[in-house]
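In what follows, a single structure is set out as structure tokens and then discussed.
Chains: A, B, C and D, in written order; residue numbering restarts at 1 for each.
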Amino acid sequence: MSAISPAPLLDVTALRRLFPIRRSFADVLTRRSHAVHAVDAVSFTLNPGEILALVGESGCGKSTTGRLIVRLDTATSGAIRFRGHDVTHLGSAALKQFRRQAQIIFQNPFEAFDSRQTIAASLQQVLHIHDIGTQQERQARIVAALAGAGIVPAGDFLSRYPHELSGGQLQRIATVRVMLLEPNLLIADEPVSMLDVSVRAEILNQLLDLRGSRQMAIVFITHDIAVARYMADRIAVMYLGAFAEIGPVDDVIENPQHPYTKALLSHTLPIGDEVIGEPLEIPGDPPTPIDLGVGCRFADRCPFAFERCRMETPRLQPVDPRRQVACHLMDD
Amino acid sequence: MNQTRSLLTLNHLSVAYRTSRGAVQAVQDLDLSVPAGRSVGLVGESGSGKSTIAAAILRLLPENAAITGGSIAFNGVDLATLSDAELNRTWRWREIAMVFQKSLAALSPVNRIHDQLNDILRQHEPALREAERDARLSDLLRAVHLSDRVLHSYPFELSGGMMQRTMIALGLLCNPPFLILDEATTALDVITQAQILREVNRLKQEYNLTALIISHDVGVINATTDAVAVLYAGQLMEVAPKRRFFAAPAHPYSRALIASVPRLSGPRQRLAAIPGNLPDLLDPPPGCRFAPRCPYVTPRCSTAVPPLYDLGDGQFVRCVLFESRPIAHPAEETMA
Amino acid sequence: MGRYVGRQLLTIIPTILLSVVLNFALLHAAPGDPARIYAGFDTATNDQIAAVRHELGLDKPLPLQFALYVNQILHGNLGESFAYHRPVLPVIFERLPATLLLTITSAIIAVILGALLAAVAARRTFSKVDFGLSFASYTFYAMPSFWLGLILILVFASKLHWFPTSGMHDVRAGYTGYRNVLDVGKHLILPVLTLVLVQTPIYYRITRASVAEQQREDYITTFRATGMSEQRIFRRYALRNALLPTVTVFGLSLGYVITGSALVEIVFGWPGIGRLTLDAVFQRDYPLLLGIYLILAVTVSLAILLTDLVYAVLDPRIRLR
Amino acid sequence: MMHRAAILTSLQRPDPQAVATFEAVVRAGRFSRRDLIRKGILLGLSTPAIAGILASCGGSSPTSTPGSGGTTAPAAASTSPATAAVAPSSAAATTTGTSGAAASTGAKGGSGTLVVSNSGDLKTFNPDFQIDDNGYIVHSNLYNTMVVLDDDYNIIPELAKQWKVAADGLSITFTLVSGAKWHDGQPVTAADCKYTIEQILAQKGAPGKDNLSAIKSVDTPDDTTVVFNLSAPSAPLLGFLGWYGTFILPKHIYDGSDWTKNPANQKPIGSGPFKFVSYKTGDNINLEANKDYWGEGPYLDKVIFRIIPDANTATQAFLNGEVDFVNGPTPPLSQVPALQQTPGVKVDIKTYPSVYYLGCNMKKEPTSKIEVRKAISQAIDRQQVVAKALSGFGSVATTFYTDVIAWAADKQPDAQVPQYDKAAAAAALDAAGYPAKGGSRFKLTFPYFTASPQYGDMAQVVKENLKAIDVDVDLVALEIGAWQDRTQKGDYDVSLLDGFQGPDPANLKNRVGTGGGINFWFYSNPDVDKALDDGAKATDQKTRQDKYYAVQRQLAKDLPIIPLAGVKIPRPYHDNVTGLYFTEAKGKTGLNRFTLTKVGKK
């Protein structure tokens, strides 16, 4: 890292998560196990206040990556450094400290709240767990945070139960809840995909505002490239557990390099008179990433694949100082 | 838009749900017609009543829901007045078929695809021999680019995309003139969704289908329809030819809806959120149901439900902002 | 399918091993001294008790006792009953058939009856039939089996003289051949009825809830939309799907029924394993108890395996995955 | 006993003609044993004389009352202790027990099948190596003992037709009946007795071992003579010989094998009136008449024991005619009055040599204080205990030892238990420093075991009675094994117990002697221990009585246990069944030996 660029907030190196599975009786007998390569050698850095979008189809490993970062799951190998400290294998006490600074919000706001607790109790609990403030201070902090997010009057919401609120309201409160701890890093895992179109913008804007006011970095996980474009500074396209390419959002969208990125963009549905261009046809569905051998993960569906693609796994390589692509076509 | 024969005409259709806390007017006084050979998109958020409309057309409303007014004219016959037996014999699937959302659960999980499709076909074509039915099934699958292997599979053995193609094949089973697609591609990945939508467009041509396409996703609507009807909280807010809808949406809600969707191109401006929440349909606001969230709200918006105003070129809007325009009489004319 | 069966079979082994360890630990942790019980309550002197303790090997350190026991099992020997001074296996196998006859008969009748009634009720939601069946199911579910058994004895044996009060045979008549079969059948009716009455509500309620849930499934809507009649949908699709949880519960409850039928066996003087177990508990007959638990663990595991197989036949998702 | 002795001595001259007629009747085998004896007595024949006639006639087995020789031991006759046969008043005299039967009569079986309910499975058909309550009635019908106790705990002959105690009390010589056979046809000989006794003595855990420990060696001069050589005179020995765990086993079957594993333990070969047919565990035990039985009877063709663990079910099976006689489980006491009213049903209510008593923890305050124990005794309304908890099937206990074994039961005022006096109890506790502050003086933990419903009911009555003097009681219901563990640890204040106190008061040692097997109360008094030891060793009846009276007087002073009620057990049977052991006249084998030889159906 050169002196001029700031030290990264998050530095993920060769992160891997394999889920072992035994598929047959023979496997059980021979104690042979297969592995789902959910996340395979993912590396990236994230600067304070930066938003990185992880984009890909379902099962591509983007959510697993998010969970690994906040240590809801533990990596099989690789390292996660947060502010220079290795957090890959923290013990429970240190983990609690880390979690205060790295938070996650999920897709389904209804599952994020205990249905038997009032909103007030849910919010109080977060502060209580991290031992922040007295009862009164906590109350004041909660009301202020809700007001800051435009949820007013706060009293109207605090005494209610989750089922009395809409999905949009709950997701906004879920966001407020993680903000109570003033984290430096937020993993937002498809935070708007279950919400109605009209309320999505509210959540997205809320997150952007928080980034602006708090210099909070966000890993924004989404399947929707348009949403990614709206939110992110940089974008990483994932396919079968690995990055296909990563770079500044406009560069990637306007000039996709990896064939998969091209396919993804060309299949995005236009709105109104938007012009997307001819779809790049790729056959079949993404396979399950079990026991991946060598070669490019996308080779079987890639219209440009050649011999080398099946012989050698392409590495993520810089095509310009801010952009990296994992494709043998780039070598030409 | 040209005056074409309307295949399906919803006239002042109202549907209400009975709940423990009172009646919910899910669809209120809805007028809509789908001309033969065209695709009409029904766009709206959750709770807008769009799936209720689909269920009402096939008379599949749950036990606690009922058509409380209006008619569903299909080829001149009011489906709302028919008995279950009549619907089963003549209308369901033979005339109107449907592709459902959540397609993975749309067939029985413990029976093979072949057995289920065959069972359905036998209901409608009892005269066919077994071999003829099998041939029909194979043909259909080929039409949606699936192999015969699918027939011998169980639903869980198929990917989301394959299952959705199967459901489209099922929809075409009896060669119906009219197909309803209810959020048919919602759960699919981007690439699969786009592929299937292109297939739907092709099949519409091939089978000369009239379609009602229901989605919350303006992208899907854009990709598949000729005209768009916008629903909000059970009220029809606007009907417009597709191009017109995207280029010049008239209703404040339509405008907000389009403005709230992030784009893949163009300037990256701050998305306009629609403040507030959907109204409580147990106690809906009087008059225009969008009024509480509308930036252009006037006192008159709450006094009565505005009529549909005819903006010309097939565009109709239910908003007092357009009161200078003539009031449309959808019962007498064909829209879209 | 073969792979599936193999996998299920393999899971049985650790289950059984674990049950051996747990049973041994629990038995020895429970209060009560077998030596004192064998020596006799009224008359035993402390010397006699000590002698018995030595004879039974209970004076050895517990880990050694466990090691000896495991070694024994591995040699296919379940040991000798403290009380009966006979190898444990024949003692158990003398009693197991009576229990299996009672419990399997009642469980099968209960599951069929429960599912049938549930199907009837579910097709007539909120009707008088539905209400009546639900009420009856709660009533019988809440009834203690031994109490119900006694009531049945009072009514059908003592009052009406339709059936014998208890036992498995008419000992006075001492029938043989087919008349013996009829005789056992006659004795079987009341205890089976008792178990059926207390078990049917479980299956009824599971199936009833499951049928109701299936009615809301998407595929039901699909079939309705295709113009299929309600009856056909129910018969061909909803019921089969609805039976899946019932089958699971059936497998799980078989274990419960076999061990839980002890009270019914006592009330009806039925010579089954449940009563043998209870006697063995009171006598702290460790080898016999461990043997019974082991055999039950195997039996129940096999029963569950069997239901799993039935489930797999009914549900391809299990079979083919 | 008194009345019989009186009759025997008052009739001196029998009419020869009547005796001849009597002989003829016996030969014809037309009378039951009971009738024979009654008639014989009326003829003025002494019991040995009747026995002699019967023996000479080859008639059915009569019985003998001990000490009824008429010439000796009047004191013994009046108290009729189980030890009388061993220890007549004069140390110099020897006594002879007699038995008449030598061979069986022709009248065996013929009166059908008797179905008896039994509360559980027997453990094994070997009756001698472990305690087996459920097996006792079965063993009694398959095997014989050398001597038998009658209903009043007198010793009467069985395999041993007579016996002689040496003047020094250090040996007893038994003469066996001749003609007794094992079920496999082999003769019963002195060798079988020797084998059995030696086997019992060689096994540490055998229930009979301690009771017979006075026996040093056994000699068998010939096939019908058995001599016990004793290490010291033992008064209770003969009584114990007719007690648990002393059934004579066939040497030719058992010798040289591990008697716990012999195949005969599953297919028994005995010498008793019934032969083993089959055993379906948990269901029934099937016995048939031994047509070659050496003694009286049996008159039944078959006895089937049906195993019915639940008391309610057993009662219903009985009422339904599936069972003829409820040996066990005891019917719920509350149902007994209704049974008594049922036509065709008879209920015998037997006083059992057992007393329900409350035991007090002697190691722990407050029950370690005599004032407290006395107050507890006074606080309990025993009438209420009998009426409420026992439905009237019991008797108020005023002393420590069962009335059934009358010679040993001290009824003197010194041995009386403090009786119900609520005011006195309260006052005593006030004085002892336990004022009723806030309505509670102290709290007692009262664990009891749940073997029979009476226990819970009695504990409840005790709790209510103690509450009336402001003592709180915490009742804790436990399974018997758990109860044992808890009481042995001393984790209680009071608890409840009963149990068989026969056949000899020597058994009290286990109950109240220091370190006794069921002395759960940690009671230890050297005076009591010494009196118990002396009582067991003494051969003189009067001396023994004195020792055991002394024990009871000391118990009345110390009150480690507080007697509540005597035990009465109802046994229902259908009136077409006659001759059950308890329906026989007193003086016949009774409750202590559940032999069914004499049962027949009308």
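By definition in this document, contacts are C-beta pairs under 8 Å (C-beta built on N, C-alpha and C of every residue); 3 or more make two chains touch, one makes a residue touch a chain.
The structure displayed is predicted, hence computed values, not measured ones.
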Subject >> Per-chain Cα centre nearest the global Cα centre, belonging to chain >> reply: C
**OP:** Just grab the chain with the largest centre-to-centre distance to subunit B, centres being mean Cα coordinates.
**Re:** D
Original post:
If you average the Cα atoms of subunit C and of subunit D to get two centres, how far apart are those centres in Å?
Top reply: 41
Original post:
In angstrom, rounded to a whole number, how far apart do the mean CA points of subunit A and subunit D lie?
Top reply: 85
Subject >> Computed distance of Cα centres, subunit C from subunit A, in Å >> reply: 50
**OP:** For subunit A, write out the residues touching at least two other chains, lowest number first.
**Re:** none
Original post:
At which residue positions does subunit C touch at least two other chains?
Top reply: none
Original post:
Can you list the subunit D residues in contact with two or more other chains?
Top reply: none
**OP:** Would you mind writing out the residues of subunit A in touch with subunit B in their complex?
**Re:** 57-58, 166, 168-169, 196-202, 204-205, 223-227, 229-230, 253, 263-265, 267-276, 279, 282, 285-286
Original post:
Inside the complex, what are the residues of subunit B that reach subunit A?
Top reply: 45-46, 159-162, 189-195, 197-198, 216-220, 222-223, 243, 246-247, 256-258, 260-266, 268, 270-275, 277-278
Original post:
Taking the complex as given, what residues does subunit C use to touch subunit D?
Top reply: 30-33, 36-49, 51-52, 54-55, 83-86, 91, 94-95, 98, 146, 150, 153-154, 157-158, 161, 164-172, 174, 266-272, 275-276, 279, 282, 284
Original post:
Which of the residues in subunit C end up touching subunit B in this complex?
Top reply: 217-219, 221-229, 232, 236-237, 240-241, 244, 314-317, 320-321
Subject >> subunit C partner contacts - residues on subunit B that touch it in the complex >> reply: 58, 60, 87-89, 91-94, 97-98, 100, 102, 105-112, 116, 119-120, 123-124, 154, 156-157, 170, 173
